[in-house]
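Have a look at the structure that comes next, please.
As written, the chains take the letters A, B and C, and residue 1 is the first residue of each chain.
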Amino acid sequence: MSDTDTGAALPRRRIDIAPALTPLLVAALAAPFIGSPSTFLTLTVAGLAMGMMIFTMASGLTLVFGLMDVLNFGHGAFISLGAYVATLVLLPLAAWSQADSLGLNLGVLLLALLAAGVVCAAAGFVFERVLIVPVYGQHLKQILVTIGGAIVAEQLLYALFGPQQIPLPLPTAFRGSIILGDAAIEKYRIVATFIGLLVFAAQILILDRTKIGLLIRAGVENREMVEALGYRIDRLFVGVFMAGSGLAGLGGVLWAFYREQVHASMGGELLVLTFIVIIVGGLGSVGGCFTGAVLVALIANYAGFLAPKLALVSNILLMVVVLLWRPRGLYPVSGR
Amino acid sequence: MMILSGDAPRSRALSALLVVIVLALALAPFLFPGAKPLNVAANICIYALLVASYDLLLGYTGIVSFAHVMFFGVGAYGVAIALYGLGPGWGALALGVAAALGISVALALAIGLFSLRVQTIFFAMVTLAVAYAFNVLASQLSGLTGGEDGRSFQVPFVLQPGFRLFDGALFGVRITGRVLSYYLVLAVCAALFLVLLRIVNSPFGRVLQAIRENPFRAEALGYRIVFHRTLATCLSAAGATAAGALSALWLHYTGPDTALSFSIQVDVLVIVVIGGMGSMYGAVAGAALFILAQNYLQALMGELSSAAAQAGLPILPGLFHPDRWLLWLGLMFILAVYFVPTGVVGKLRGTEERTQ
Amino acid sequence: MSANLSLQGVHTHIGRYHILQGVDFVAPEGETTMLLGRNGAGKTTALRTIMGLWRASRGRIMLGDQPLAALATPDIARAGVAYVPETMAVFSDLTVKENLVLAARDGPLDDVRLEWIFGFFPALRKFWLSRAGGLSGGQKQMLSIARAIVEPRRLLLIDEPTKGLAPAIIGALIECLKEIKRTGATILLVEQNFRVAQEVGDHVRVMDGGRIVHQGLMAPLAADSQLQSRLLGLSLDSHQ
C-alpha cells in the first residue's frame, strides 16, 4: 500500500512560488517602458518603500480577519492615531529631529514608532472590548459598528487636534537623496524599507518559531479544532487585535513622515488601499499581504510615471486581474 | 390598501408618524415657506428613495454593497452632462436619465456577475474599492464632468426659479419653478417608492428574503440565486440613479461632493439602520429624522459650543462644534446598531404588539 | 472515582432543527463504546455536543462526577477529552510535527509516546516535517488520531475514523485502538464499519431519530444479524 511503502518523501513545506514572483514580473514588464535605468531604480525603490509602509498597516488587518473572522472597517483610525502620536512625540523632541546627528535622528524616529505602537495597541484593546466583542460572528453588524467607530474616532481626532493639516518634518539625517549614478534615491525611503522588512521578519519569526505563532496559524485555519485541543483562543484574539492596531499605528508614523504631514482623514484614505492589499494577498496570510503590498505599490509607482491618469485606478485593475486568476487571493489560507 | 401593495405599517404609532411625514412633505411649500425648509423637504424625498433602494439590497436580499453612491452619482452626472451639453430641454433631460439608467444597470450587471467569482465578504470590500475608483475617475475626466468643480447647468424653463405658473399666489405662496421642481421630485420619489413597495411584496421579493435567510435552502428549492441577486442589484441601482437624477435637477449642480462622496454612503447606512432594515417604511421615517436632525441639530450644537466656550470649559467647545456633527451621529449610529437593531420601525411596531 | 461518560436527557437544537431528542446512555470507563446508527441519526451531533462545539439545550453530561454541559470547549478538552472529528481537521499549513506539538498541551513531545505512535503509523515519521495538507486521506486520518493520543486522555471521542481508508490501514487502526484500550482510556466511537465495531467495541449504543434505541454489550448484537438488520438497516456481511 502506498501509505506504508518507502516512496519518495514529500518535499518540505513546499511553497507556492508563482504568486511571490508577480512583483518581479511587474517590474520586468514595466522596465522597457520606463526606459532609463535610473528612473526605473528610483521608481522601484519608491515602490518598495511604499509597499513596506502599506504592508505594516495591512498585516494586522489580515491576521485579525483570518483569525477572528472580524471585518474591521475602523482599522484606518489606528493609522491616523499613530501619525498624531508621532506629532506629539516630536513636540518636545524637535531639537533631536533637527540635530545633525544620525543617532538622535534615529532615536526620535524609533521613539515615535514605539509610542505610536503602544498607544495604538492600547486603543485597539479598548476598541475590541467595547465595539467588537458584542458583535462576534455577525459580519453585517461588524461592518456597521466598525464604520461607526471609524467616524467617531476621526471626529475625536479633529476635536482634539483641530481640523487642519499638521506638519511633520523629517529628521535631518533622513532628508534628501543619495545619488547613484543618474538616480536619486530618497534616504527616507531606504529607512522605511528597512523598517518594513524588520516588521515582516519579526512577524514571520513569531509565526513560525513560537507556540503563539503556531496557535495563530492553526486558528486562522480552523478555530474550532484549536479549541477542541484545549486552547482558549479567544484570549489570543485580543492580543492579535492589539498587535494589529499597533502595527497600523507604526504604518501611520512611517506614512506621516513620508508625506511630512498628518491629517485625520489619512486613515480612511489608506484604508481602501489596505483592503485591496489584503484581498489581493489572501485574507489571513502574512506572506500574501507582503507580496500584495509590494505589488500594489510597484504598480502605483510605475503607473504614476507611465500613465498618470490611470495610476489611481491601477490598484483596482490589479485587484480584478488577481481575483480572476486566483479568486481567493495570491496566498489563500487552507480551509477558509 | 392596493396602493401600498398590502404592506401596511401594522402599527398605529408608525402609521401616525408616516401620515405626518407624508402630509408635511405634500404641503411643504405652503406649511413652511422659505428656501431652506423646501430644501430640507426635497432632500427627505430624495434620500427616502435612495435609502429604500439600498434597503432592497441590504435588508431584503442581504447583500452588503458600498457602491450605491456610485449609481447615485451616475444619475446626477447623467442629468448634468446632458443638460449642460444639450441645453435645458426636456428631451435632453430624458436622454440624460435614460443614458444614466443604462450605464447604471450595465455596471450593476457587471458587479453582480463578478460577485460569482468571489466570496460575499470580498464583495463588500470590492464594491468599496470600485466606488472609490469611480470617484477618482469622475474627478479625472474633467472635460466631461467638470472635475473637482462639478457641473452647473440650466434646467428646463418650467422648473427655473424665475418661472411663474400664474400671477398671484396660492395660499400666500407664489407658484414658482422652484415649487414645481419640488412637486416633480416629490411625485417621482413617491411613485418609485410605491414601485419598490410593490416589488418587495411580490413573489420576487419573497424569494429575495428567502435567499437572505438561507441561500442553500433557496437554491435547493429551485430558485436561481444568481438571477435574483443580480436583478435585485440592478433594481437597486436604478432606484439610486433616479434619486441622483432628481438631486441634480433640484440643485442645478452636480459635483464630487454632492454626488459621489463616501459620506453620502455613510448617511445611507445610518438612515437604513436608524429607520430599520428590511422595511421600506424605515427608509421614509429614517430619512425624515436624519435630514431634520442634520439641518437643525447643528444649530443646536453651535449654541452648546458657544456656551461651553464662554463657560471656559476645556475640550467641550471642540466636541460640540457644529462641524463635529458626525461625531454625535457616529455615536448614535453605534448605539442604534447595538440597542435598536430593528430601527424606528421595529421599535414602534414592537411597542404596539407588547401593549396589546 | 469513576470516569464514566454519562448523558442524561440531552437535547440539542441547531437553529430550528431538534437533532438530539433526549439522549440517555453511559459509556463505561476504560471500555470502548460504539455509537452506531443510520446516517442522520444524530451520532456526530452527539459527539459535538459532548465536546461543547454545540450547546445542549437540555440535559446533563458528566465525565465521572464532573459536569461538562456548561463548560466551554477548551475547558472540556482540558478535563481530559480528546476529539477526532469526521472531517479530520488537520491543520494543512502546519507540518505533521507542528500538528502534534500543538496537541501536546502539557509539555514537550514524549519520545517514547511518539515511537509508540510511529509503530502504528510509520507514515507520520516519514512525513514529519512535511506540510500536513499534502498528506493522503489515510495519512491525515492517522495524524488526526495521533493528535488525540499524543498525550494520555481520559475520554476519546472518535467520529468515523475508517471512512475512505484502505483495508490495510484499517487493520493498523484497529490495532491502535486496541492498544489505547489497554492504557485504560474510555472510548466513544462512531463507526459505520461493523467489522471494526465488532473487533474493538465492548458496548454498543444504537441511535435513531436523535435517541438511543438499543443498548447493550457488543457480543450479542454481533451474533444476531436479524437485530443488526433491524437497527442498522443492513447486516454484518454487507458492511465489510
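Everything below uses one rule, namely that a residue touches a chain if its C-beta (ideal position, glycine included) is under 8 Å from a C-beta of that chain, and two chains touch if they have at least 3 such contacts.
Just so you know, these numbers come straight off a predicted model, no measurement behind them.
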* Structure fact -> The chain whose mean C-alpha position lies nearest the overall protein Cα centroid is chain A
* Could you work out which chain's C-alpha centre is the most distant one from the centre of chain C? => B
* Asked: Counting in whole Å, what is the centre-to-centre distance of chain B and chain C, each centre being its mean C-alpha position?
  -> 56
* Structure fact -> Expressed in whole Å, how far the mean CA point of chain A lies from that of chain B is 35
* Using mean CA coordinates as chain centres, what's the chain A-chain C distance in Å? -> 43
* Multi-chain contact residues (two or more partners), chain A -> none
* Structure fact -> Per the touch rule, the chain A residues reaching chain C in their complex are 1-4, 6, 9-14, 211, 214-215, 217-218, 221-222, 224-233, 333-335
* Asked: Which part of chain A faces chain B closely enough to touch in the complex?
  -> 71, 131, 134-135, 139-141, 143-145, 147-149, 151-152, 154-156, 158-160, 163, 268, 272, 275-276, 279, 283, 309, 312-313, 315-316, 319-320, 323-324, 327-328
* Structure fact -> Residue positions on chain C within touch of chain A in the complex are 51, 53, 72-75, 77-78, 83, 85, 89, 91-95, 98, 101-103, 105, 122-123, 126-127, 129-131, 133-136, 138-139, 142, 147, 166, 168-169
* To do: Would you tell me which residues of chain B are touching chain A in their complex?
  => 64, 114, 117-119, 121-122, 124-126, 128-130, 132-133, 136-137, 140, 262, 266, 269, 273, 315, 318-319, 321, 323-324, 326-327, 329-331, 333-334, 337-338, 341
